[in-house]
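Each chain gets a letter, A, B and C, in the order it is written, and its residues are counted from 1.
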Amino acid sequence: MEMLNAVFVAPFVDMFTYPAFFVEVLLGGLTAGVMYSLVALGFVLIFKASGVFNFAQGVLALFAALTLVGLMTGTIPFSQNSMSALALPIWLAVIATGGVMVGLAYAIERVVLRPLVNQEEIIMFMSTIGLAFVLEGVGDMMWGSDVKALDVGIPSGSFEVNGVLVQVFDLWAAGIAAVMVAFLAVFFQKTKIGRALRAVADDHQAALSVGIPLKTIWVAVWSVAGLVALVAGIMWGSKSGVQFSLSLIALKALPVLILGGFTSIPGAIIGGLIIGVGEKVAEVYWGPLVNGAIENWFAYVLALLFLMFRPQGLFGEKIIERI
Amino acid sequence: MLYRETGQFKTSYSADQAIFPIFQDRMFILGWLIVAFIAVPLMASEYWFQIILIPFLVFSLATLGLNILVGYCGQISLGTGGFMAVGAFSAYKLATNVPELNIIFVILISGLITALVGILFGLPSLRIKGFYLAVATLAAQFFLIWMFNKFGWFVNYSPSGSIAIPPMEIFGVMVTSAKADPVARYYLALGFTVVLALLAKNLVRGPTGRAWMAIRDMDIAAEIIGIKPLATKLKAFAVSSFFIGVAGALYFSAWSGTAESDAFDINLSFNILFMVIIGGLGSVVGSFMGAAFIVLLPIFLTNLFVGELGFSALTAKHLEITIFGALIIFFLAVEPHGLARMWQVTKEKLRIWPFPH
Amino acid sequence: MSAVENPRQISGEVLLNVEDISLSFGGVKAIRGVSFNILKGEIRAIIGPNGAGKTSMLNVINGFYHPQEGKITYKGETRSKMRSHVAAKQGIARTFQNVALFKGMSTLDNLMTGRLLKQREGILQQTVDMLLHAVYLGPAKRQEVVERKVVEEIIDFLEIEAIRKTPVGRLPYGLQKRVELGRAIAMEPELLLLDEPMAGMNLEEKGDMSRFIIDLNDQYGTTIALIEHDMGVVMDLSDRVVVLNYGEKIADGTPNEVSANQDVIDAYLGVS
């Protein structure tokens, strides 16, 4: 009885007794969710356009954040030293990092994707694990592996509404994410390259046959994913410092994808928010029952249970198997 | 001239279906067994046992286990570390709570427990395929490690959270814990590895293996010719997890002697996946090659960078990670079927050597 | 595989009866109210223009697709939903329009997979068998030899001895089709469904394939339903033909009846 009470009654009583705290937990979860969404978004872009399950998306965000911090502090690559004379202003550093991400996309197409074109999906997937290792190693060697603070001038601080403490940073994060999603929507629907991307996503062979250059498309989509990773890296880095754990946290984007479906942009967003809120609420209200830290696995188990009932995700297309 | 099957005529199906039908292959395997059982113990130093040989055996077994699931049955798993942890912690609980149980049974039962856990986490594979399944296995990875970390029962409430194997004997020879001779621990690992590898080889070339490969190559067609998908996949999960569990138990009992749950984190899962890829998906002998490669590479690189070139340990580590990743990409691009395929191609060339046309 | 006494006799006994089958994917109706039957021992052709629902019909028969409406009676037993491995167990085998072989395996192993449904059922038996095969002793070893003999007979029958140990991915298309037929035969089916067995073949290969189909039907009494676009082949091989168009049955009868049918001529020539 006592156990049933602890599991099914007490947490809800808590929520209603201290609604302000509950709202704060929700907000915290939403913020984490936005981060997950951002990583998942880059992932969906690549999966949609090339069918590659890009395991390196999280490390891509880490790499972008490392590069940004390095440029802002004037770090000389591979030397562990920095010269303040080389330090770039924020706006220039962000643009330069964007350039680096595009260059990286080009390199990835050249070195990783092109030699592997037409390989089985599992092989492509594993090569992106290799890519994650390379990026991690190179990023650490270039910019150093210590934890770095990142401040791009997003306002911090907090204010209170009806007894609920709201972080200004979180509002900014949500705002920036919303702007980016809107931008991507326009990009996909209205621009020529966006249409080409959708065509490639539907059918590689057919897209090739009507003269859409696959090579360019891949560079384009990896560039966009790289830029999305940059935004994710900035948000996450500003919040909790740039460090390796960022790429591990980014693994959480995977259950998000399962929830949202591998090919759906709205799915990535909503999935991210559900996972973010779900795991925070579970941690705060049910975590103490089992010694805490259930955030480590809650997202994955939630995704797993979800899969049992809806294998194609919330917004994924239903798969008709043919033979 | 050395590797030929000319003149070796098979007069019965059973001879043609023997485990190593070609004479030279039999000699080759025999040679390796002699080296492993006789030559190595005579020559190797303690450093060799502890740094190279025993980990090589343990990881070979884990790689073989994962290869059964990924390489033969086509089900991706990123939960190997978690399953090894189940093996290790089961061995610990058995060894400390049932001290009269022989270490051989401790390890076997640990494998069986892991097999059960594997079946449990394999159940979703009926409905989930490919990458979705890979993510689902992450659930196993994170959940299991969390469980061993958070519940004192698994570590007999030791405050440090780490487990240590008590000294145990086989026929009066101590084979576990730091007090045991490395040679004895080596034999323990070797015995399990050789026997299980032979069983695996038999399994994958028999009906079970054919059902696995059918599911891997085309699951829909497999079902249409009468192969039950769930039963077949669960068999793969069970056998694979058994191997990985035994590997985990050996990791703990024959190799490290002590362990914490964090030793079995997701990086271990990736490492073993790399061993599978580099060795060759769907190859028993490849599992050994992949394990050897990944066990030896960091040792070689560390010696090179730190010992020869004088880099700092941290830089060397980063370089190592980079090279690791680059090698994975390189291998996948050049030979997606890994070292095993290279070896097979070499054998095929040898067969027609010196007249290739 | 054992040759039956007094072969090539169509008894009139109905082996399979499909009644009022309708199948749709979302809004698309693939099959609308189709009924026909297959008699024991006959060669039954299913023809029709592309997209007529022929392959979907085969998929319904062997349980891969589940029709929204209609009844299927096989060997006197009516079933609603059935998984395809159960259909296999009951003696329905098939080949596929796009070859669906296990590419990573040799010809021999592909044929051996056809024998897998002869394994013992039940968790306990399966586990025991698996362990026996792992140690490869006694009954397991004998079983392998027995299965191998059966498969070798099929290899002889299909004249593919030379490619026994070649990975099927390396074989030319025509041979792959033949191996696929072999895998289906290895299942010792009562009803064999062939989806365009001669697609993409040259004249000689078609000749070989026709011979195999006739021999199979003739010597072993296997009932065969086949989809084929080559009208010459259909006319020569089949006892009865059913014609589908846009998911509906437009004709059913002997090859001669069907080829004289005005609806069929219209469907093929595109007259509306």
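Everything that follows uses one rule, which is that contacts are C-beta pairs under 8 Å (C-beta built on N, C-alpha and C of every residue); 3 or more make two chains touch, one makes a residue touch a chain.
It should be emphasised that the depicted structure is a prediction, and the values quoted were computed from it without experimental measurement.
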Going by the average position of its CA atoms, which chain sits the greatest distance from subunit A? C
Average the C-alpha coordinates of each chain, average all protein C-alpha coordinates together, and give the chain whose average is closest to the overall one. B
Rounded Å distance, subunit B centre to subunit C centre (Cα mean): 40
Taking the mean of the CA coordinates per chain, how far is subunit A from subunit C in Å? 48
Centre distance in Å when subunit A and subunit B are each reduced to the mean of their C-alpha atoms: 33
So which stretches of subunit C touch two or more other chains? 64, 96, 100
Junction residues of subunit B - those touching two or more other chains: 220-221, 224
Find every residue in subunit A that makes contact with two or more other chains and list them. 323
Quick one: which bits of subunit B touch subunit C in the complex? Just the residue numbers, please. 12-14, 16-17, 19, 199-200, 202-203, 206-208, 210-211, 213-214, 216-218, 220-229, 231, 235, 239, 282
Quick one: in the complex, what on subunit B touches subunit A? 70, 74, 76, 124, 127-128, 130-132, 134-136, 138-139, 142-143, 145-146, 149-151, 220-221, 224, 266, 270, 273-274, 277, 314-315, 318-329, 332-334, 336
In the complex, go through subunit C and note every residue touching subunit B. 62, 64, 83-85, 87-89, 93-94, 96, 100-105, 109, 112-117, 119, 126, 129-130, 133-136, 140-141, 144-145, 147-149, 152, 183-184, 187
Touching residues (chain side subunit A, partner subunit B) in the complex: 53, 111-112, 115-116, 119-123, 125-127, 129-138, 140-141, 145, 248, 251, 254-255, 257-258, 262, 290-294, 296-297, 300-301, 303-304, 307-308, 311, 321, 323
